[in-house]
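Just below sit the structures, each encoded as structure tokens.
Heads up, the next two complexes both have chain A, just with different partners, chain B and then chain C.
After this line comes the complex of A and B, so read on.
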């Protein structure tokens, strides 16, 4: 590999060029967002404005706190609902389904990860929003509704990762545990889950990233309110939905668009942190 | 139930609950959408059908795949076959790829919008949408190709190199053929993901269907159509129309996934399916 032969030079260069272009696209992405965000970030008084809780572009108030709170609330709700169910699915797949059925179930789960988010949004409008309105109160369009829709959406991804994590536990460990007199429950809790923990956390991070970045399914049911939400049953907005709704309202170059660029950079930074976290846990 | 298996029972209950959720989603979609699904609905345009939306979806996905499959494969080959494993450059490219792949598509679309519409003065059109989709799909394609190529055992490469083949010949004649099944299945996954994309396309290709179809004109896709008529539209019977469009989209996605799985098996991909992203 150190001295490429003559016939190998061209393909190597072509592939290297493609990789360089790939890196360049990444750099242009961040640079264009940073260029857009600069008028806001470069001015100390305008930047101080960003931390506030008031979003009122007409008066020049650009506090992003409502969207950060909205994103956190929606994502957390989704994870709280989806993680136990996904663990249940994974345990059932690994322990109660024969090897023959397992392939089929994994296949179905894979197809379900490809269900488009608008379809979940459609379902949210059809069933979840009316349900929240009737049983929890409020207008129905709410952080809770968005959380429920998202939970179902990330469920197949989480289940796949969790099932894969649990299926990697060596049989010798389970048999050893059983031979020492542990019940299946005890083996699951004290042997299998701890052994699979790094892979489980890795799956959790992937699910978290998917929930954090979802735009459409959330936008359709969250209500779009730009004040700090009063509770889970109140309407709100997230970072992604706000970028989506305001992107065409504020043309590039305006202060409002600069704030959207800042929110986008924030999301990108969050994704980078998640990627590094997943890498660290996954390699254990 | 055997003593000491309570957690297993609980798991089964939770799993059934999860399945019920999906039966609810797909069941209600089919129930509202199927009655409307006629040949006329699929082929005509305007208020009565989704013909143009189907065409736009196919065109956008095709352009994107034509651009990103070779580019994704090249980056993966460079990383996996030409660079030293675990080298710094490989790790940095991996971080970039993973970050871009998990980045919200609306964030990528925001950047593409600024560059293409703001700096280059492209109109909101199918081409701008194809550019956005290409940026969205490239990291995914690299991931798919990386996973497929790295699953080929090193002994294959060593044997080929020992017989005097160059790196390039090894990649083209040995590694890619051995990985072809997995590659095809990954391409199917990518297509399904693209067909369902909506947020990025609403802002880059728009929500209109132009009278005179052109790559420089706006072009609503199926996924965008569902969003548009369900949230912005004022037509009566919009639930059913959105659902029928959703059923069409789901049928398309299922067919793509099923076909890619079949073809993959022809090329020696074993049963079990695509394992994670």
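After this line comes the complex of A and C, so read on.
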């Protein structure tokens, strides 16, 4: 066998270079955030300051608890709303719609995943904030409004992933279940969903990651309040929205900027835990 | 073939590099959003009187303007806040004041309140007063709207109105003047502050301490920001020309920028 020519080796080398470059960018990103965060992490009583509930940077109070609570509340609200609906859409696509309708729905969902988040935010400002104000109370700018907007944003992505997961269930399993006398609903609950669970969880993680990382649409409706929110109808802020709001106030080198870097690292750590959890769950 | 491919790639990179390289004929202004309308409508005159030069505008807030001009990423920084060393990296910026831009306290029309004493307004903004009924209005909960920490207007309100107290942490944060106005207009019980030389529509402009804002006597309004233009000392003469042009243009009062800064 002859040695591959330079031209033959080019695709493999280009791919390797791209992968290496991608890994390098990731390492540089994490390293620069860690370097930016270090002055604050090394400060006296840093942990006590950071886990506090008071965000008043001009007086040296850097409690990020309101934003962690806000992030968790908005993300969970979005998932609670979006996951059942997305599962319903996916089941309809796989089981109840003909091939023609299925193609149309999938195309619409794919287009919806590409809608810029600012449009969802704008729509949320016009529709969801007044709705929350009128039906739930409070000023309308709230964690609930942000959760609803996020739910609608991640719904197409979740629906597509869930539909793909359910469509991968082998027909032999479904036919076997039917042959044993199971109804379609029983087959769905006891055969298809358990079989598709790893793929469903992967879709859930993608949706969760988008919900955790979304900034603009949430910023427009969440209210930006820096205190621990009193409830879902109260305004609040998430880690991403607070980074966005205050990044111009704290140039690199300031304590405030270091805290924003820590908040970014927290988000990355949350993503890492999510991905690892999904991998473990998916491998069962 | 590989050599040709590498040459093509290098040529493309060089072409891209030359396309994005900064040129001295393009000037950038960045910073406070409060004067963007004035600057946007005025730079056209400068471009016409200086053929070949273009001027672009970017917001970002006062602090961003000071940071960007100090680091050489903008030719002119606009700020309502005096520079601090931590923002300018020790660069001693030259300043050209634009004038005074009134800061108006505005409320939702449904509050039933048109006037407040300074003490009452302070208590409303710092969260001690929770209902408009407590200050003579309707029984509507107060919703305070404020601006981000980088806002020059917030800096002035903190310094000149709050008397050492802080705006409540329960306040809703709006990213711009326009968003604040829209938020106050649409949210029952809302109160906030905006930089404006005209009386905004759809909201109640609060009289404070017996004073009432009128555009005809805008220069007499006691709460105001002092937007200024900042440049690096070594900036080319065309940048200084631009700053002089913007800092002395008679159009300023049409945009609510009164007199000259103290």
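Here are a few things to note about the model shown:
Operating definition for what follows: the second predicted complex is superposed on the first by the 254 of 284 C-alpha atoms of A that agree within 3 Å, B and C clash if a C-alpha of one lies under 4 Å from a C-alpha of the other, contacts with A are read in each partner's own complex, and residues count from 1 in each chain.
The rule we apply is simple: a contact is a pair of C-beta atoms (placed from the backbone, for glycine too) under 8 Å apart; a residue touches a chain by one contact, two chains touch by 3 or more.
From a predicted model like this one, the values you see are computed outputs, not experimental measurements.
Touch criterion not met for A:166: it reaches neither chain B nor chain C. Applying the stated contact rule after C-alpha superposition, one finds that A:248 touches each of chain B and chain C.
Chain A has more of its residues touched by B than by the other of chain B and chain C.
Judged by the touch definition given at the top, the superposed model places A:219 against both chain B and chain C. Once the two complexes are laid over each other on the shared chain, residue contacts for A:140 go to chain C alone; chain B is not touched. In the superposed model, A:50 lies in contact with neither chain B nor chain C. Of the two partner chains placed around the shared chain by superposition, chain B is the only one that A:95 touches, whereas chain C remains out of contact.
In the superposition on chain A, no contact is made by A:200 with either chain B or chain C. Contacts of A:25 after superposition on the shared chain: chain B is touched, whereas chain C is not. Look at A:110: by the touch rule set out above, it reaches chain B but stays clear of chain C.
Touched by chain B in one complex and by chain C in the other are residues 7, 10, 219, 248, 253 of chain A.
The part of chain A that touches chain C in the complex is made up of residues 6-7, 10, 54-58, 130, 133, 139-141, 219, 223-227, 235, 237, 245-246, 248-251, 253-254. Chain contact summary for the complex, chain B toward chain A: residues 2-8, 10-15, 17-18, 21-22, 24-26, 28-29, 32, 71, 74-75, 77-79, 81-82, 84, 93, 95-100, 102-108, 110-111, 113-115, 117-119, 135, 138, 142, 166-169, 171, 189, 192-193, 195-199, 202-203, 223-224, 226-227, 230-231, 239, 242-243, 246, 249-250, 253-254, 257, 261, 271-277.
Partner chain B is touched in their complex by these residues of chain A: 1, 4-5, 7-8, 10-12, 14-19, 21-23, 25-26, 28-29, 32-33, 35-36, 84-89, 91-93, 95-96, 103, 106-107, 110-112, 114-123, 125-127, 152, 155, 157, 159-161, 164, 183-186, 188-189, 206, 209-210, 212-216, 219-220, 240, 243-244, 247-248, 252-253, 260-261, 264, 267-268, 271-272, 274-276, 278-279. Per the touch definition, chain C reaches chain A in the complex via residues 1-2, 60-61, 63-64, 67, 86-87, 143, 148-150, 166, 169-175, 183, 186-190.
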